[in-house]
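The two complexes that follow have subunit A in common; it is paired with subunit B in the first and with subunit C in the second.
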Partner chain A sequence: MRDSVADIALPIAALLAALLLFGLFVWLGGVSPLEVWRLLFIGAFGDWFSWQNTLQRAAPLMLTALCVALPARAGLIIIGGEGSVVLGGLAAAALPYAVGLPENLIGTALVCAAGMLAGALWIALAGALRQYRGVNETISSLLLAYTAIALFKHLVEGPLRDPSTLNKPSTRSLGEALRIGGIAGSDVHWGLVLGVLACAALGVWLLLTARGFSVRVVGGNPRAAQLVGLPANRIILLACALGGACAGLAGAVEVAAVHGNANSSLIAGYGYAGILVAFIARHNPLAIIPVAILFGGFGAAGSLLQRRLDLPDSSVQVLQGIAFVLILASEALREVDWRTVREKLMRPAGPQAPVATARERAV
Partner chain B sequence: MTKPQDNSRRNVLTQLSAVSLATLSPWALRAAVAQPKLTVGVIYVGPRDDYGYNQAQAQAAAEMRKIPGVSIIDEELVPETTAVQKSMTGMIVQDGAQLVFPTSFGYFDPHVLALAGKYPDVRFAHCGGMWTEGKHPKNVGSYFGYIDECQYLNGVIAGHMTKSKKLGFVAAKPIPQVLRNVNAFAMGARSVNPTITTTVIFTGEWSMPVKEAEAANSLANQGADVFTMHVDGPKVIVETVAKRGKMVCGYHASQATLAPDAFLTGAEWNWVTPYKAFIDAARAGKPHPNFLRGGLKEGYVKTSAYGPRVTDAAKKHADGIKAKMVAGTFGIFQGGLKDNTGKVVIPAGTVLEQTDPELERMNYLVEGVIGSV
Partner chain C sequence: MTGEMATAFLAAIVGGALRVGVPFLFVSLGECLTEKAGRVNLGLEGVLVLSAMAGFGGAYLSGSTWMGVLVAAAAGAALALLHGLLCSLPRVNDIATGIALMLLGTGLAFYLGKPLIQPQAPQLQPIALGGWSDSQVVQAALQINPLLLLGLVLVVAMTWGFARTRWGLLVRLAGDSASATKALGYSVNGIRIAATAAGGAIAGLGGASLTLFYPGSWNEGISSGQGLIAVALVIFARWSPLRCVFAALLFGGAGAIGPALQSVGISEGYYLFSAVPYVLTLVILVITCKPGSVARGSPGELSSTK
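On to the complex of A and B.
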């Protein structure tokens, strides 16, 4: 209970502190902090349009954050989700080249499944390299992302190119019936629902199922896991594949809901943004949902700040930077025993007292 | 910001006549309503100050700010994802923009087309898109310039200035727009001396400074001594070339301040011309121009001022050709043109106008260019 209070209170306090600091920052630049705070709120959560804006931006981040969070729970730091996103998108767009798809929901599901499979294999490859060949998975997944992007471009600008796309090389477009539409007439597409469902399902899976528990055991201490007979390699590969599948799904949804085909606009950095989201969420799939929405909100608010106050795009990145440093730094406060601090503060001020306590501790 | 009310007789009369005109047609009505203030949104894919593609657009937007009654709102670093749809929608619903300039090529399909259907009363002016009658909505327009004319002039200057007879071209992607510039540059240089070769390196990215610097260094190592480029932000290439003691012709905007000594001349956009045309049409309530194209003659492109190293002979030669281009009597791509494998790509006797759609499909490198598509 105590922990969950800290889990929620610390990041919120850090966020408020970040907003205060950012206010100071823009005030030094000659802009009214009150106006900035007002616009940040309006831009991110002010009305229905702002909410759609925020949620739309958050949707792919939920899935790409899972690509970092799941392997992390199994003890691997994977940062190459971008590779799974682009290959997932490519596989989704390429599937109709290979097989005829039914022009209905099943076809759409197959397109998404193709993206998930491609993404899963890519991250599982990084996991396998680490488990069977001892290659550092952080480096290999990052480099594999570059390989994936190169492969993507080669295929999109080569064999899979729709010859009618001249100055923006793209694959052939998916049929209208295979596309994913908006939710109930809004601009927010079903990718958001998939993202929320994936976060919730995987969160519950990690928390409540035996297999999910085994992932956490392997992540906590692989040696101990093996001693109790858990197949560590297989469990790690499973976590990697599930994470990769999520990122691949993000790519497939971008193709089916937004672009209609695979082209280089797909390489938009969603995979890298997902890394930040996952770390802020402390690799907890359920926490990814609000963090991704916060991230989407930053994007939406940044857009309005630029337009209304002529602030450069980097200003909202400054806010994002301050916020994340503070949220991560606030983790250090987690170990603080607040009762002792309070007692110390309440005690009549004696110059020797704090030093003595510090020494006691050191001994 | 509202202006103080001006109740002078003349102003009242103008307003009265506007009202009476307003009864005549819906366009005029819209004009009378729109005249007091037009909000224009501009969206860039990169930073406003990239010394390149986005800066050229931002410069035109800054010029438009000076027009009384026009307010410009802009946004930089907007990726070609749903983010740009949101930025455009935000400009329309939050700021009341009636005209939007989404300036990156990749914004067109699907993003601009998606929003144009949703907001039929808003005008969209897109840079580079191939607007097609019957296929695309009437409230979408596209503008672009024949900047290959300026790249040809770059080539003429480079041809005069090169000692090694080797030129370097750092290009983004082997797509028609880029190939057209590479070819024009090479042909300009060969018009001075047919033995000059142009080596092209494609980085594969619109903006990838590391690869651009590598490509420039590699070309310099191969002996190239005059460079030009077609990437979004030429800054790194210009600086690298200057550091290597070579010469450079600019692209998109002027990079003269980055390397005053190494900079020879450059191919620049003059987006003020189409911006003004779109804004004037919107303010007057005239139909939205759907397809605006032009070169030096129409004022869509311009050349950067010559740097101190350019010789008088080179200036004279280039200015002569430029005068012909402005007069409309100079065609770059003419019949009998061969590609770098020796194949004739434009049959002898054919005359291609700059507007010819054939040129928009260019998929070859001309004779004298070292490289492959």
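On to the complex of A and C.
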């Protein structure tokens, strides 16, 4: 119980501290922190227009965060989700080049499936390199992401380019019938529902199914997994493929719902922001939903900060960086035995009994 | 391809290796020092971008390039120091912290560097080594970055330092066995923090070389993952500063293939060639890593090779 309180309290405290530090940072640059905090809130959650913008950004974040969280539950730190996003988007846009698609929901589903397949293969490759060749998956996934982006640019500006796109090289646009539309006429598209469903389904899968449990065992205690004879390689590859499929779906949804075709706007850093979201959610798929909405909101507020206060567009990135550092640092507080600290404060004089944390640190 | 074109192409590759390889050399030396002490710093990517911005800003504001180089090293050391301190906290993982610092470093650099995108800062004066040749292209290719010489001096100093000095021995001790270090009465965290910060300063020189020599301007796309490739380069170089030189030149050369082809009029597949360093790194990792065993020459306490 104490653990689950800390699970929620520590990230919230770290986020508040990050907002405080960010305020201090902009104040040093001569901008009022109160105004920044106010605009962050208004730009993210102030009115329906902001909410639409926020939710539109939250949808891919949920999916890319899953691409970090699922492998992490199996014990792998994958940070190359961006590669799956761009390849997923590319596969979705390229599918109509290869086959004729039915102009209905099935066609849309096929487009999404192509994106998921491309994304799944890409991350599973990083997982396979680690399991079968001992290559560090953090580095390889990132190298694969850079390779994917190069491949994307080559194909979009070369073989797959729609000749009529002059200024911004793009693939041919998906037919109207294949697009993913807004929910009830708003700018919030059905991708958000897909994101929420994916988080919920995978959360339940991890928590309640035997396969999901085996993923947690392999990630939590590889030795125990080996002893009970779990097929670690297969389980890890499954977790990677599922995560990659989510990131690929994010790319496909961005293409089918937002851009209409694959172009360089797809390389927007959702893969990297997803790392942060997953870490703050402690790799819990259900917790990813609110965290993704919060960071989608910060992203949405970024343009408002830029317009109203003339802050650089990267100010949100600074906020994200500070938040990430503090979230990780807050883990150290988990070790603190608050009861001992309180007793210490109550009785400042006299010799102290050795504290548990000091002993553990010395081990 | 005519003979003249072949010369031009080769000169462009060699010149590219020498120009593009210098930042690779510094980040891999910085990472090498950090990892010798037993920590991985993925945040060197952030260090590189931040120091590139700081070096450019320092040179622009002070009017002196070498002032810029100093500022870059200091900025790199500061961000790496943060990494060292954070990783010394209990329950804090160095890989995750590195990712966080990558985000923070690039964010800070883009934020603070916004006003530096337009102006032109004074540049490092190249050392011309191509005087022996009549060919213009060869002369252009052998315009050496003065920081390269500094890097080579560092390589010698580090090789000697690790082998012969008390400090070098302590760094290696902390990297190979934390418990032995403790038993001898030294602070493992202290040594690692110092090595990480020093590694950041060295990587900062790589940042300075990006904005003060080649490409020689500040923009948000200044680094394309050199700081991360460094981690793989160090594995490839088996934690030896000397082998880092060859690794860095190899990668510089690989990265120069695309621009070299473009310089002789072949622009087909430009983006594919830009991916060569990444694919090459992957291939090298696949060849050099073995499942279930620790890489040869690896410090015993390293989390990336366990």
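Assume the second predicted complex is superposed on the first by the 342 of 363 C-alpha atoms of A that agree within 3 Å, B and C clash if a C-alpha of one lies under 4 Å from a C-alpha of the other, contacts with A are read in each partner's own complex, and residues count from 1 in each chain.
FYI, contacts are C-beta pairs under 8 Å (C-beta built on N, C-alpha and C of every residue); 3 or more make two chains touch, one makes a residue touch a chain.
In this text, all values refer to a predicted model and were calculated from it rather than measured experimentally.
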{"item": "Clash or fit (per the criteria above) of subunit B with subunit C on subunit A", "value": "clash"}
{"item": "Touched partner set for A:Pro312, first subunit B, second subunit C, both or neither", "value": "both"}
{"item": "First (subunit B), second (subunit C), both or neither touched by A:Leu16", "value": "neither"}
{"item": "Which superposed partner A:Gln320 touches (first subunit B, second subunit C, both, neither)", "value": "second"}
{"item": "Partner chain(s) touched by A:Ser140 [first = subunit B, second = subunit C, both, neither]", "value": "second"}
{"item": "Subunit B versus subunit C as contact partner of A:Ser303, first or second or both or neither", "value": "first"}
{"item": "Which of subunit B and subunit C A:Val193 touches, first, second, both or neither", "value": "neither"}
{"item": "Partner touching more residues of subunit A, whether subunit B or subunit C", "value": "C"}
{"item": "Partner chain in contact with A:Leu105 - subunit B first, subunit C second, else both or neither", "value": "neither"}
{"item": "Partner chain(s) touched by A:Glu157 [first = subunit B, second = subunit C, both, neither]", "value": "both"}
{"item": "Partner chain(s) touched by A:Ile8 [first = subunit B, second = subunit C, both, neither]", "value": "neither"}
{"item": "When the two complexes are fitted on chain A, the stretch of subunit B hitting subunit C, from 131-139, 185-193, 221-229 or 275-283", "value": "221-229"}
{"item": "Where subunit A meets both subunit C and subunit B, residue numbers", "value": "153, 157, 312"}
{"item": "Subunit A to subunit B touching residues, read off their complex", "value": "43, 49, 52-53, 56-57, 153, 157, 166-169, 187, 254, 258-260, 263-265, 268-269, 299-300, 303-304, 306-308, 312-313"}
{"item": "Residue numbers on subunit A that touch subunit C, as the complex places them", "value": "77, 79, 129, 131-136, 138-140, 142-144, 146-147, 150-151, 153-154, 157-158, 272, 275-276, 279, 311-312, 314-315, 317-322, 324-325, 327-329, 331-332, 334-335, 357, 360-361"}
{"item": "Residue ranges of subunit B touching subunit A (in the complex, touch as defined)", "value": "41, 47-48, 73-83, 85-87, 89-91, 93-95, 105-106, 108-110, 128, 130, 173, 175-177, 204, 360-361"}
{"item": "Touching residues (chain side subunit C, partner subunit A) in the complex", "value": "42, 82, 86, 89-93, 95-97, 99-101, 103-108, 110-111, 114, 220, 224-225, 228-229, 231-232, 235, 269-272, 274-275, 278-279, 281-282, 285-286, 289-293, 304-305"}
